[in-house]
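In what follows, structures are represented as structure tokens.
Presented sequentially are two complexes of subunit A, the first with subunit B as partner and the second with subunit C.
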Partner chain A sequence: MNFTVTRNDFYKTLQKVINVIPTKTTSEILYNVLLLAEGNQLKIIATDLEITQIAWTSCQINKEGSVIVPGKLLLDIIREMPEIDLTFEVDSNFKILIQSSLGEYKISGQGKTEYPSVPLVESDDKLSLKNSVLKRMIEKTIFACSTDNLRPALTGVYCQILDEEYRMVATDGHRLVRMITTDYSNPGFTTDIIVPTKALTFVARNLPEEGVQKIVLSENHILFELPGTKIYSRLIKEPYPDYERVIPADYNKEMIIDKTQFVSSVKRVSLFSNPMTYQVRLHLESTQLSIHAQDIDFGGEANESIPCQYNSEALDIAYNANYLADILRHIDSEKIRLMVEDSDGPGIIFPTEQEEKEDILMLIMPVRLNN
Partner chain B sequence: MRVILHVDMDAFFASVEQRDHPEYRGKPVIVGADPKGGRGRGVVSTCSYEARTFGVHSAMPISKAYKLCPQGIYVPPNGRLYSQVSKEIFEIFYEFTDLVEPLSIDEAFLDVTGSQKLFGNGPEIAGKIKKRILEKEHLTASVGVAPNKYLAKIASDLEKPDGLVVVSADKVEEFLQSLDISRLWGAGQRTQQTLRKLGIHTIGDLAAYPRDVLKQKFGKMGDHFYRLAHGIDDRAVHSAEGVKSVSNEHTFGSDEADESILLQTLLRLSEKVGYRLRKKGLQGKTVHLKLRYENFSTITRNKTLDHYTDSTEMLYSTVRLLFRKNYQKGRKIRLLGVGISSFGRQENQQLTLFRAADEQRSELDRLQDILKERFGKNITARAEALAVNQKNKKKK
Partner chain C sequence: MNKQRNKIKIHVLPDTLANKIAAGEVVERPYSVVKELVENAIDAGANRISIIIEQGGKKLIQVIDNGYGMNGEEIPLAFARHATSKIKSIQDLDQIDTLGFRGEALPSIASVAQVEIKSRPKNEHLGTVYTLNGGKDGRLKKLAANVGTSISVKNLFFNTPARRRFLKSDASEYQKIMDVLKRFFLAYPHIHFEFYVKDRQVFNLKATDLGQRVQSVLGQTIFKGLLPVNHSLGGIELSGFISRPDVIRKSRGHQFLFLNGRPIQDKSLSHAIFQGYANLIAPGEYPVYCLFLEMEPNLVDVNVHPTKMEVRFTNERSLYYFFINSVHKTLSQEGVIPEFHLGPSGGAVEKTTTEASNQPREIINELRHRHSSMARYAGAQLSLTYFSPDEESKKEKTSPEPMQEVPPTLSNPAVDLSQDHYARVDVQFWQIHNRYILSEIKSGIVVIDQHVAHERILFERISKQLQKGQQVYSQKLLFPQKITLAYDDFMIFKQIYEVLNQIGFSIKVFSGNTIVIEAMPADVKVGRESQILLDIIDYYRNEPLKDFNHLEKVAAAYACKNAIKSGEKLSQAEMQTLIDQLFACESPFFCPHGRPIIITIDLEELDRKFKRIP
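Up next is the complex of A and B:
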């Protein structure tokens, strides 16, 4: 194997895949990346067994071949190089010789036989989504996913490909986001899948603003074809909870409030809350919302009031301030609408004005008030 | 919200003497040192309510008691008898919960929060305990039922003898309002004097003082007083054994590598641990898996949950996760263990969306517990867990 590539092309390509390498794994081989020289392309592949990412760049291939190299080490070496041509030469024992105008460097590689193979995703189930739409939906949903693998289904985003609309749903059991777009055309099939959060994070990072994203679905995998890179991910094959059932159909109590004021107030007041629970207590009245937090153990306490419009008798309800602030941060409109039924039931938050062809609903569960 | 009972036997030693000596009943009985016709040097240990009407009380010099009540029946303490009776009474407590913290031979705190599913709410449990003590020992006890130890202790003392006082969580301040500051835990004569000089005579008076002022006046104790005045006391009931963890292990008759059998065993162990947990009224946060291969190499792994649990389902799904992450497939296993530790209780419970499913599970736990209580430990098991039994039987 022998190829010549400019430092920048090599660095950018390697950087795309480097985060797929797991930080901790029992399988040492996964700390490596696979370099593949074919035709006039250099491909770099990284995998954590769940997600596989391939990135490529065109370069001068002097002799085709492959090698696996410790990924972080390679990145460190290339990072320190100025923008010059680098020639990689790999011998039959997988010793790598890097040559540049500055000098020579040697590192050891291994044969690719040990390296997990790239999943084969061959399917006619292809879906197209505008990059801008996909990016927005990922950004607005993944924060609500669970990080606890006790319930694997909740560690991913539930995607529903329906006749008239495309939906993404995320929940950790305490809050939930449901985002619907009709800015999409049905690909000729309907289905639902759960995509791991980590894969979507990588997708969002590599998505350009413009253009259309092609997504391929097979029985167990999803493939995102992005400019200069492909991201493969295993799907989470678990039943997703019946989320529609927990979204109440109608509500009587409704509060409309300025979003920016609400967020700032929650953030300030939450600094005085108990650091274990982050509990803030909302007191809703017809023209005013009071936000209160207290930390009995350390004697901290805060109270703020902001104007609102509320259509029912006074109500006290408590939330984890972090969950509440997370949700509010992801709403774009100037004002939000919060709908509640009682102190123990879900609160539903909408933007007062939905974007065109889009429907966002956020749901938050309260903290039970002790008395 | 916790439910704490403080059970205090009424004039314990004297009542035992009156029970065993019918001729003492209705008379002033004073258990303690020999009065030696007024020249005795010891103190009164306990005296009957009849003696108390003469002004006699425990810890009083016996000579003084003799002066107040020369006609009293003076009895030397029979320690062995009292500890025997005490043991029997504590056995009654353990019928209702394992979270029993003895304060002395005749009083204890009981955390019955987790026992309510089986035995009814706090006041009901208190009533049952009183009834059991009366039936079994022919003695009376006074019980305080409250959200914490401090309030329960005060409550049990208010209607002695044979009292039952309930302080509900929403009436704490009301309950404390008119109580004299001598009821304040940690306030000795001197402190009480200082408080009274400030015009603080009742706990209600004290509650009106800001925390900062109390801190200035009393230093560290100020904070303590502030909390007590507002009925705040989050000390846990520490059971006698000081339970730190609950666990069960199973050693296979012959080493086992069949994953379905291993998982079924984990389920059975989770059921056992869950049952013991609920019986003890405990909820834990850290779930442990112990795994010993045939060559005796042993690994233990644990996972801390984001909430306290006593659910079999939760235990099982957590150990199953630990097992799948750590078990080297195909290797034969000699022993499996499931455990839980970091006990506590969720104070402000974050509610969850998919609650209905969780509630169904705890309903299943509850039913299984009741059946076990009534018909013995082997009466029920989850179907998946039963499969392993069948298989084992076949082997034999």
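Up next is the complex of A and C:
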């Protein structure tokens, strides 16, 4: 194998896939990337077995071939280089010689036989989504996913392809986000899948602002075809909980409040909450909301009041401040609407003004108050 | 079916035979001889006693004292049955303050060994030597002798082969003798003891005070782990030492209890001491103690058994609680922190101790934030940084550092070390093997076990919640968890579920063995709901927490199962929070099971290891 590529092209391509490399793995081979020289293209592939990403660039191929090489090492070399031409030469023992005007580097590589193969995703189930829509939906949902592997279904985002709308739902069992867009055209089928959050993070990072995103779905995988790169991910094949059932249909208590004030106040007060539970207590009155936190172990305490509009009799309700602030910062509108039934039931948070063709709903479970 | 015995008439046994029979009770093994002889020496007012043994006491036991001594007339009498100088009348039996009194020992010993006794009272110029062979052939001779008595017992059981055969190896007889001697050593620090095995001097304990004596007998290592005890209650006084809960043994070998100077064994009192440790030590573990109980002799009956190891107290019950309380009080006083020793040290070697590490509160002060008012809020601020929106989303968009490890989700609460400046952390912590937290203090290094530290924090909080009805935080679940329990699990669950509901769970029985978890204590990790319940059930079933009451047991189970595990990575801020909370605990040094949470390694210890100091 022998090819010549400019430093910038190589660096950009490698950089796209490098984060797929796991930080800790028992399978040493995954620390490598696969370099594949075919036609007039150099492909770089990285995988952690769940997610596989391929990025490519055009270059001058003198001799086709492939090699696997430690990814981070390669990146560290290239990063410190100015824009020059690099020639890679790989002999039959997979010794790699990188030549440039600066000098030369020798790295030991390996044959690609050991490297996991790229999953085959061939299907007619293709979905198109606007890049801006997809990106926004990913950003608004993945924060609510669970990081705990004990319930695998909750570690991904639940995507529903419905007749009229496309939905993404994320929850960890304590809070939930449901985002619906109608800015989409049905691809001719309906289905639902769970996509791992990590894959979506990579997708969001590689999505350009403009254009339309093509998604291919197969039985066990999802493929995002992005400019200059493809991201494959295994799907989480677990039953997703019936989230619709836990979103109450109507409420009689409603509070409207300035979002910025609310977030800042929660953050300040939560500094005084117990660092294990982060509990803050909200006291809702018709014209003002009081936020209170207390840490019994250390004797700290905080109280703040901010104006609000609330339509019912006074109510006390407590939340985990982290969950609350997480939710609030993912809402764009100036004011938010918090709806509750009682201090024991879920709180539903909406932006007062939804964006066009969009419906976003956030739900937070309270911390029960009892003395 | 029996042999024809009835032809033999009843008759009084000759003294020699009677003594031989009595010897069966009094002289069980060489150590009993040692015990009797040393007791006699002590009763004779000696302040210097030498003990010499050969072949585990089988060949020779010799005890030399500088006590009152006996004259030529007294000596043969001493070997007559029930001859004693120690009591005169039945009234004296209620006021026994000497060690021996039954007058059985010498004749019994003499009947089964070859005995030579050499003695001279102070007021006489010439001593007497008296030899006996199996209690017979007594021969008296005058000769020059030191003041005091020297008695040597040779070839024990030479005339009772059956008994001789039952003796154990030299080594194990030696052990027994050591056990007996240690009791004397500890009980009489003002007596100078010397102990020789053949020609080798094993102990040379000069007259001193109790502390020094304990140190030389039990060794430096144990001594450093002992706490002084000093309590009294209506004429009863208890003094001595008990060990910190981490200085435990797997046997009772290091438990010494003395009643008015006499070593005794008392199951009830030793149980009381164990109880005093509450749940700090596990069954099968034995604390080290050396306790002296002083009380009026007439409140206790020591004449229960010839070996006098057992006694009977008139006010046993109140004594039991007095013991529990004394031990408990001692342990709850400060000064309870385990220490780490890198190598074998101690023994009866004198060594200087460093004072610095024995100040646990100092360690606390060093490790906590120095700006105490800022203490936990600095930590909280750190943990909040993760939901500052701008930072996170910027990272996502521009991805400035390609090498940067991107958290799998945006809400990953990881706080990296680079943010330390927020916290004004002035104590640095290192996590090793994701299991121990290491930090520096003036006198050396502290090592904290992260799991048991968190366990202690949770245990205390839950206990408080249960006892004082403190605020309980209970996070409602969006998707109530339905679990069908195995029948035996369900039975345990039924026992504990009310307590679980008190500490923040909200669990309902659905039908049959199926239960629904609707809420969890707020600090349980998301997704662990059903797992933690099963863990608690298992723990409750399997852990032998005998000394815990029901509530404590549930609290311990919850604390253990919800605590940070060994192997979990902690950020600098999390470590600080953990340590701040740990030191807000009432007993931050031991986990609910009594395992140490914190150990210290002295600089001196390290210096020694590196041969910087000899």
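Here is the rule we use: the second predicted complex is superposed on the first by the 371 of 371 C-alpha atoms of A that agree within 3 Å, B and C clash if a C-alpha of one lies under 4 Å from a C-alpha of the other, contacts with A are read in each partner's own complex, and residues count from 1 in each chain.
Just so it is clear, a contact is a pair of C-beta atoms (placed from the backbone, for glycine too) under 8 Å apart; a residue touches a chain by one contact, two chains touch by 3 or more.
Since the model is a prediction, treat every value here as computed from it, not as a measurement.
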{"item": "Partners on subunit A (subunit B, subunit C) - clash or fit", "value": "clash"}
{"item": "Touching partner for A:Gln279 - first (subunit B), second (subunit C), both, neither", "value": "both"}
{"item": "Partner chain in contact with A:Leu176 - subunit B first, subunit C second, else both or neither", "value": "both"}
{"item": "Touching partner for A:Leu271 - first (subunit B), second (subunit C), both, neither", "value": "second"}
{"item": "Partner touching more residues of subunit A, whether subunit B or subunit C", "value": "C"}
{"item": "Touching partner for A:Asp295 - first (subunit B), second (subunit C), both, neither", "value": "second"}
{"item": "Which superposed partner A:Arg136 touches (first subunit B, second subunit C, both, neither)", "value": "neither"}
{"item": "Touching partner for A:Val367 - first (subunit B), second (subunit C), both, neither", "value": "both"}
{"item": "134-142, 188-196 or 350-358: stretch of subunit B that collides with subunit C", "value": "350-358"}
{"item": "Touching both subunit B and subunit C, residues of subunit A", "value": "148-150, 171, 173-174, 176, 241, 246, 274, 277, 279, 296, 318, 320, 344, 346, 363, 365-368, 370-371"}
{"item": "Touching residues on subunit A, where the partner in the complex is subunit B", "value": "148-150, 171, 173-174, 176, 241, 243, 246, 274, 277, 279, 296, 299, 318, 320, 344, 346, 363, 365-371"}
{"item": "Subunit A - residues contacting subunit C, complex", "value": "15, 18-19, 23, 72, 75-76, 79, 139, 142-151, 154, 171-176, 197-198, 201, 204-205, 241, 246, 267, 270-279, 295-298, 300, 318, 320, 322, 325-326, 329, 344-346, 363, 365-368, 370-371"}
{"item": "Contact set on subunit B toward subunit A in their complex", "value": "1, 169-170, 211, 232, 303, 305-306, 317-318, 321, 347-354, 357"}
{"item": "Interfacial residue positions of subunit C with respect to subunit A in the complex", "value": "375-377, 379-381, 383-384, 386-387, 389, 393, 396, 399, 402-403, 405-406, 408-413, 461, 469-479, 504, 506, 519, 522-523, 525-529, 531, 577, 580-581, 584"}
